[in-house]
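What follows is a set of structures for review.
Across the two complexes that follow, chain A remains constant while its partner is chain B and subsequently chain C.
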Partner chain A sequence: MPTRTTSTGVKVWQLRDRNGQLIRWALWMATAIIFYVSWMKISDQTTWFFVYDAPRVAADIGGRAWPPRWEYITQLGRPIWDTLNIATLGTIFALIMAVPIAFLAARNTSPTFPLPRFVTRILKAMTGRTMTSYNVIRPFALLIIVSSRSINSLIWALLLVSIVGPGVFAGLIAISIRSIGFCAKLLYEAIEEIDENQVEAISATGASGWQVMVYGIVPQILAAFAGIAVFRWDINIRESTVLGLVGAGGIGLQLQSSLNTLAWPQVSLILFVILIAVIIGEWVSAKVRAAII
Partner chain B sequence: MSSVALEDRVGKRWRKPHFITNPMLRWTLLIGGTLYLIAAFASLEVNWPRVYEGLERGWRFIVGFANPDFVSRAIDIREGMIESVIMTVTSTIVGVAISIPVALGAASNIAPLPIYLVCRFIISISRALNEIIVAILFVAIFGFGPLAGFLTLSFATIGFLAKLLAEDIEDMNKSQAEAVRSTGSSWLQWVNFGVQPQVMPRLIGLSIYRLDINFRESAVLGLVGAGGIGATLNTAFDRYEFDTVAAILLLIIITVMALEYISGIIRARVQ
Partner chain C sequence: MLKLEKLTKVYKTGDKALSDVDLEVPKGQVIALIGPSGAGKSTLIRCINRLVDPSSGRAILDGVDITSLSARGLRRARRRMGMIFQEYALVERLSVMENVLSGRLGYVGFWRSFFRKFPQSDIDEAFRLLDRVGLLHMADKRADELSGGQRQRVGIARALIQDPALLLVDEPTASLDPKTSREIMRLIVEMCRERELAAIINIHDVSLAKMFVQRVVGLESGRIIFDGKPEELTPDVLTQIYGEEDWEATIEVVEDEDEEDEEAGGA
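This part shows the complex of A and B:
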């Protein structure tokens, strides 16, 4: 037990010995220095006058934004409908594309190809492991999943607006591309966790590959699938509300034009509507998931 | 299965049970879903000539990915990346520092009810507001630049981290905390020696995970003027410089993958 002797000669218990203590102090020091350097960098690029002025500006904006312009809500029906469509259709398209990718990415369902015998022998000599087949498609499926997941839907929207032009369609595709990775990742993890005995039982009846899929694998992942779909739909509702900022349709378009014209009463109404939409989306998804599980 | 039920079934074809067993609910959902899909597709306006025109640009984007251009905008890309990293690091540190007291306040087994309600309110506000919307408001209030992005990410970190940490504190082992308290420790000592060691692995794991998320988010905050690589990306898109776009996107993907890999290792080690 690490102890320390005080000036009066009494041994006192300590949590860590000297080295542990020193390493921790060094880590804290490094964090502090990194933070300080980074903060100076941010500080250099900040006009502090504006920041000192911020409370006044915030109060000013708040004063202008209140009360919300309630009659503007008549013009928000269509944008909200568009937002809902982007989220829902986007999720459906994403799921249609995510299912095959998930089956190709899961270790137990991804097709493998037999290796020529000489390759097996070379690999055995090099790594000491016996590999008779190789999974060609799995890395590609994983690559699709990773690239779809690392790029934010707003960036996808930006890209698609410049390709297919502004509008709901661009937002729809952006949301689907962004959701593929998320859905496929969760789905392939669910596929890898299935009970192989059931699959074997079905194939023992002489079922074809597709029949094994439909009666052996699909029933086991159906609940997970429904859960993932609703979960992603909830996230997509949130994301599709801001896609309009880059021109990809939905209520974000109204938000952008209201911000550009400094129509703060409209902005506050739109933010309020978005908040309600997000809360409803979360409530629906929680209900459905509770019903499934 | 009783023999009567078995008798009933003999000679009949087996049919797959339905996913939704209640037929009323099943048909309502099916018909409602179909009607919704028809309405949604009917209201979807696609400008096909414009899409067709854009395909050429899409192709150029794919070609751009094959040979990304890191060079001609190297200075802008470097500045943007550095700014993104700085925003990520500072906002994670500040966000974690603030979310620890908030999490202590939001754990129902530690905090008195009024503090609990206040902290839960802070968490739900932070979680309900989309990062981009918060960034727009902060840019309007604090002016353009990384400060607005830093504040946005810190704010978003609080909701995420405090909620998950509070859940972990609520799940902690009571007897360990009680043992520390029975030595006559003060409240701070109790938190430090009774609670903190139990939640530390989770706190480290979550902080690293949030660092990863903050980096991804910092890549889009630039679109609304809150600093970071997003601003460079936006400019590149506006100029249709798809090779530069591809370079930036590749950098983001590589950084995210590296962060995910490192965070996976660290999380596996501490948990």
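This part shows the complex of A and C:
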């Protein structure tokens, strides 16, 4: 107990008692030891010669990459356009699918179904809790969200290239699938945080379920929705630049062939173009976010 | 007009919020429902429009038993009951006009309400009500730009545009300063008189309640333990409702303020 009385009758207060303090010290100690052991392990498995050599090699590649081969830009217009399209369309498709999933995943909007009375009775006997209705759909919605989020878009692209063949379409689907979970998760959290009083007030007017949705819920999550959309679009621009590495279209394709032929001046130009695209994306999403808040 | 018969609510946790409440409110009568926090005041008015489903008993409005209605019938019945909330419960991101018009949702189809294509008669009425509550110039402002008193006025307009027979009012002044509280109470009571509306007003502030209503109902632990005129609220009665305390001050102050108020009104 933080508060205790000493033998002389004075009340003392400390943030933690002696045992709490000792446990914390032990945990800090354990952290330090784990860090040290891991460091030694990594160090043993590193070929330090390559690391010492790294600055020289980097400088060498840097020297060869400079100046960028500017005339190569004529061949980059189409791929960067593809990349932006993959990001934008992928985000839009993802949002279209994420919205219903989010509503089904949010505790306060996901439909519940009444349980048959005997099921209620069995559950009561087993767990001691009275459950008269059960949310059947929510676990499925959450499963979709988790599975979409657990696999990186590059891996989705690898799979999809072998399923639908190489090209922009595979990249587009990969980006969409990966983004569904992200958007749906953030959106359903926004739905769960709405002010229920406003929903109650709209219900009290005699509005139908869909009207309550449009007047009571949607206005409260619209800003969050716009924020999520541009945030994900911003991420997708970056993700779609690498999809070409596995053949799923976009500027990554050029990057890979340039890397394979050791055409460093082309690589530097591609990286520069990607940087510009990302900066533009960043700027647009910042503008949108400022406008909606 | 409104009749509650043995209305009882037991929450899932086992808490008995209301037990066998019998209450009758004739047309046009405004009553104040007083009682300590947790006495069941909010639950009582929410059981009437079934934002909370009562466990047993009946609530009858103009001959219709609300407790037995289907979803569709309930929506129909809710149009006749306007509700005003403690924290205003306006949709913060919609405009004042949209908030007022949302009171008509029970009368308008989905797509019309989706595209905000309300009938002109509704829009006329919305402007009339905004003018009446003194917020005509605020129609296009977003609700979150308004002050507390202004928001509650929008809340009143939203409830009245439903063309209700009954107002359910949940702590309308709990978040307002003393002067605004009186203005809001006065507005609600005036509106009820103009339109012959019955109203149940949950209220913490006993002196404020005594100032504006002719009938006071005291609730304690889910039971009605007082029902009478404001003058009959003696220290003994208040002790019964709220517990031991020196109530003389509360009662005296009210009488003083009441006179003041009348003088101001007469001047």
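What we mean here is this: the second predicted complex is superposed on the first by the 237 of 293 C-alpha atoms of A that agree within 3 Å, B and C clash if a C-alpha of one lies under 4 Å from a C-alpha of the other, contacts with A are read in each partner's own complex, and residues count from 1 in each chain.
We adopt the following convention: a residue touches a chain if its C-beta (ideal position, glycine included) is under 8 Å from a C-beta of that chain, and two chains touch if they have at least 3 such contacts.
On a predicted model such as this, the values are computed, not experimentally measured, just so you know.
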Greater residue coverage of chain A in the superposed arrangement, chain B or chain C: B
First, second, both or neither for A:222, with chain B first and chain C second: both
Partner chain(s) touched by A:130 [first = chain B, second = chain C, both, neither]: second
Partner chain(s) touched by A:272 [first = chain B, second = chain C, both, neither]: neither
First (chain B), second (chain C), both or neither touched by A:89: first
First, second, both or neither for A:204, with chain B first and chain C second: second
Touching partner for A:283 - first (chain B), second (chain C), both, neither: neither
Doubly contacted chain A residues - partners chain C and chain B: 215, 222
Residue ranges of chain A in contact with chain C within the complex: 130, 195, 197-198, 200-208, 210-211, 214-216, 219-220, 222-223
Sites on chain C touched by chain A in the complex: 12, 49, 51, 75-79, 81-83, 85, 87, 89-94, 98, 102-107, 110, 113-114, 155, 158, 162, 168
Footprint of chain B on chain A - complex, ascending: 31, 34-35, 38-39, 41-43, 45-47, 50-51, 54, 57-58, 61, 81-82, 85, 88-89, 146-147, 150-152, 154-155, 158-159, 162-165, 167-169, 172, 215, 222, 226, 238-239, 241-242, 245-246, 255, 259, 271, 274-275, 278-279
Touch list for chain B against partner chain A, complex: 16, 19, 36-37, 40-41, 43-47, 50-51, 53-55, 57-58, 61, 82-83, 86-87, 89-90, 93, 128-130, 132-133, 136-137, 140-143, 145-147, 150, 216-217, 219-220, 223-224, 227, 230, 233-234, 237, 240, 245, 249, 252-253, 256-257
